[in-house]
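First comes the structure, then the notes that go with it.
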C-alpha cells in the first residue's frame, strides 16, 4: 500500500530518463531538417525544453501529480485528450478480454484439476501452452481468416461508420460501448458489441492459458488440503466440497495473478489494437512512435505506468475483501 | 478410446518419464530450428530479400506450389526462404539478449544478495519497478530509442529485449544468494577462515547457476514472441537487413481479408513452434531439476487373495 | 458395555500401490468397539494407525485398496455405495484430526462450518435450529457463543481442536475416530482435550477410537487398548490388564521405552520398524524381538484370548508364539521352540 508512491516515483523517473534525457533533442528528432533552426529553437522554448533537465524533471513530476501528461509535438494536442478519446476503446477491449479469459480459463482449469492426467487434462494443458506460445497478432490473424471471414464478423475498428457517425460524434462518456447503450439505438449498441467480439476473444486467449495453469494447480493443492479432507470426514458430498471449499480457496491467488496479468494485458492490448485496427491507446502509441513524437510517447507511457500502479493497488484492496486473513492482519 | 489414450500415456505418467518426454520433445523442436538457423544459407532455396532468380522475377503473392513451397508474398519474396532465414535472425537475437541479460542480471543479483543493506534495497526496488512495467512496452520504448541512435538491426533488437529480462535473473539469483548466505555451510566456510571472495565464487555461484538455465530457456521463449511483436509493430529489423517473422506477419495482415492465408500462416507457425519448443525445454529442465514439483502419487493396487489358514488377533 | 459392538472390523487390509510394490500399511486387522467405549490404538510412526483410522471412514487416497469386513451397527460399510458412505460420515462416523490449525477452511466462518455440516445431513433444518444446536455443542466444548461468527484464524490451536471436536459432534455420531488429536498441542491444552474426549461418552454416549503414540494418554483415557506393529494388531485388551501384564514382547518393550518421572535410564527398542513393502516373514517383530524363537521367523503367530479360547469381542488377546507357548495354548516342537540364532537376527535386521 505504502509502496505505491515510491514505485510510482521510480517508474516516472525511469520514463523521464529514457524518453527525455536519453534521446537528446526531441524537436529536431521529430521535425529536424524540415524547419528553420530558429523555428526549432522557438518550438523548444515553447515546450520548455531549453531549461535545465533538473527543472524539467520536477516540472514533469508536478504535471503528473496534477494528472497532466503533456502535449504532443507533432499535432500539438494534450495527451489527456488522447487518453479521453481513445482510452475508452482500450478499456472496453481489456475488460472484454478479461471476461473471455475468465469464462474460458477458469472452467477449463477446474476441469483439468479435477480430472488430473485424464485426456481432458492433457488436452486442456496443451491448449494453455499453445495459447501462450502463439503470438497475439498471429492468433488475431488466424481468427480473422478462419472465424471472421466465414461468419462475416467485423475485423477492423470498434464500430461501423454509421454507428461511428451517429453515436461517436456526440460522446457523453467517451466510451463508445456505453455511449451506444445510452443513445437508446439498439442497432448501434449491437454493432459496437459485435465489433468487440473478436478483438476481446483474441486478447482473452492470451491470458486464459495463465488462468488454466493457475486454477489447475490451485485446485490440485486445495483438494489435497487438510480442511478438504476434514470436510469429507463430516460427510460433505464431493461436488459441494469442490464448490464451497476447493474452488473458493483456489480462486484467492487468481486475484493476485489478475493484477500481475494487467501488465501483460496492457502489452497485449497494444498488439491486439494494431491487429484489429482498434482506435485505442495502443494504436495511438504506435502512431506517435512512427511520428518520432517523444513528448507524446512520454505522456502515453507515463499514463500506462500509472495504470499498472493503480491496478496493483486495486488488487491489494480486492484481496483484502476476499480473504479474511488479509483483512484482519 | 479413453483407455487407449490412457495406455498410450501410461509410460509418461511417471514423474521422471514425463519430464524426460517434455524435455526431449522440446529439444527436438528447438534443435530443428537451430539447425535451420545455422544452415540457412544451404537450406533456404533463395535469399531472404531475393525477388528474382536468373533475371526472372518471382510471381507476386503466388500460393504454395512446386516453385515456391510456401508461396510468395506481395513483396515478391519466397516465404519458405524467409521462414528459414527468420530462424537465424530470431535465434541470434534471442541468444544475444539472453546472454547479455544473464551477464548483467546474475552479477547484480549476487552483489545485491551478498552485500545486502542499502545496495540491496535500492537494486531490489529498481528491479521490481522494471518488472512491474509491461515488458512489451519497455521493449517498445527501448526499441524506439535505439532505432534513433544505433539503427534497427539485430544488435538494437537484442538490446531492447535484454532490458526486460535482467530483473528476472536478478530476482532469482538475489533470493538464492540471500538464502545461501544464511545457510550453515557458508557459516562453516567462514568459520574455517575462507575469504569472502572465495565463498561468493565457490559456494554461491554453483548454487545459483542451477536455476539460470531454466530462466534462460523460458526467457528465450518469451523473447521470441517479444521480438516478433516488435517486428509486427514496425520497430524491429527492416526486411532488407534480415528476415524477421513478426515483420512478415504485419505485412500479411492486409492479405487476411483477401483470403491469402499463406503469407501469414507459415511465419506465424514458425513463431509458435520455436516458442513451444523452448517452453517445453524450460519446463522439462525445471521438473528435472526440482522433481519435488510433482507430488508423489499412489499407483493402483489390487489385493491378492488371502493365504488360507491365517489367524488374527482380536474379536 | 453392551454385548453388541458398534463397530466390528475383521481382517482389514489396506494397501497402497507404489513404484516399489504395494505397501501393506494395514495387513489383517480385527477389533471391535463397544457402545460408549474408548479404544486406544497405539504404535510407532508408520505402523498403520492413521491409515486404519481413515480407512474406517472411507477417507483413503486414490490408489489405496481396502478389503475385509467392516460393520457399523450391523451395516456392512465396505459393501455400501460411495453415496451411502457419505451419508454415514458425519452423522454416524466422525473424525478428529491431528493438526487442528489447518483443518478449518480459512475463508469460512465457524457458523458457516456448522450450518454446512448440519444442512448437508438435515436439508430441512431451520436457521434457528442450526444455531441452537451449534451453540449447545460449542458450550460443552467451552467456546463462548460470541465467537460463533469468527473466522478460524482468530482462534488458538487448542480452541481450534475444540472447534473440530464440536464440529464432529454436532451431528451426534455414535463412533468417532480421533487421530492423534493432541500431538500438535502443548501439554496443558493436551490434558484439557483428553478430558473432553474422555467425558464425551457421558455427555453424548459416543464410542471413540483414539489413535496416539502416547501411552500416558491411553492409560488416562481409554477402556481398552490395541497395540499395532507393522500393520497388525499384536495385542489388544483392557488397558489395566495389558499395561499391568503385557504378554507381547513388543508391548513390553514399548512400555519400557516410556519416559516418566521415575525413569533413570532411557530404554529403546533396537532396530527400526520394518519396511512395509517387504515385511519380515512370520511374526513381523521377530527381527527386533529379544525372545524370538525359530518359529517366529517362519509362521505368523495365532491370536488367542488370555482367559482361554479364541479371541472374542471384549476379550484380552495376544498374537505371539512365545506367549502362547508359555500359556500352554499351543505346543511347539523342540525345533520350533529353539531360540532364534543371533546371526539370523542380525541378517534380518539388515534386510
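In order of appearance the chains are A, B and C, and numbering begins at 1 in each one.
In this text, a contact is a pair of C-beta atoms (placed from the backbone, for glycine too) under 8 Å apart; a residue touches a chain by one contact, two chains touch by 3 or more.
All of these numbers come straight from a predicted model, not from anything done at the bench.
Across the assembly, the chain pair joined by the most C-beta contact pairs is A-B. Of all chains, the one whose CA centroid is most distant from that of chain C is A. Our note on geometry: chain B versus chain C, Cα centroid distance of 53 Å, whole angstroms.
The distance from the centre of chain A to the centre of chain C, each centre being the mean of the chain's C-alpha atoms, comes to 56 Å. Computed centre separation for the pair chain A/chain B is 23 angstrom, with centres defined by C-alpha atoms.
Against chain C, the residues of chain B that register as touching in their complex are 14, 297-303, 306, 310-315. Every residue of chain B that touches chain A in the complex is listed here, in rising order: 2, 5-6, 9, 13, 125-126, 128-130, 132-137, 140-142, 144-145, 148-149, 221, 225, 228-229, 232-235, 246, 249-250, 252-253, 256-257, 259, 261, 264-265, 268, 271-272, 275-276, 279-280, 295.
Remark: chain A residues 225-227, 229-238, 240, 244-245, 248-249, 252, 322-325, 328 touch chain C in the complex.
Interface residues of chain A facing chain B in the complex, by the touch rule stated above, are 6-7, 10-11, 14-15, 18-19, 22-23, 29, 117-119, 122, 129-130, 132-138, 141-142, 144-145, 149, 155, 224, 263-264, 266-268, 270-271, 274-275, 285-286, 289-290, 292, 297, 301, 304-305, 308-309, 312. Against chain B, the residues of chain C that register as touching in their complex are 5, 8-11, 13, 15-19, 22, 28-32, 61-65, 67, 226, 232-236, 300, 302-303, 311-315, 317-319.
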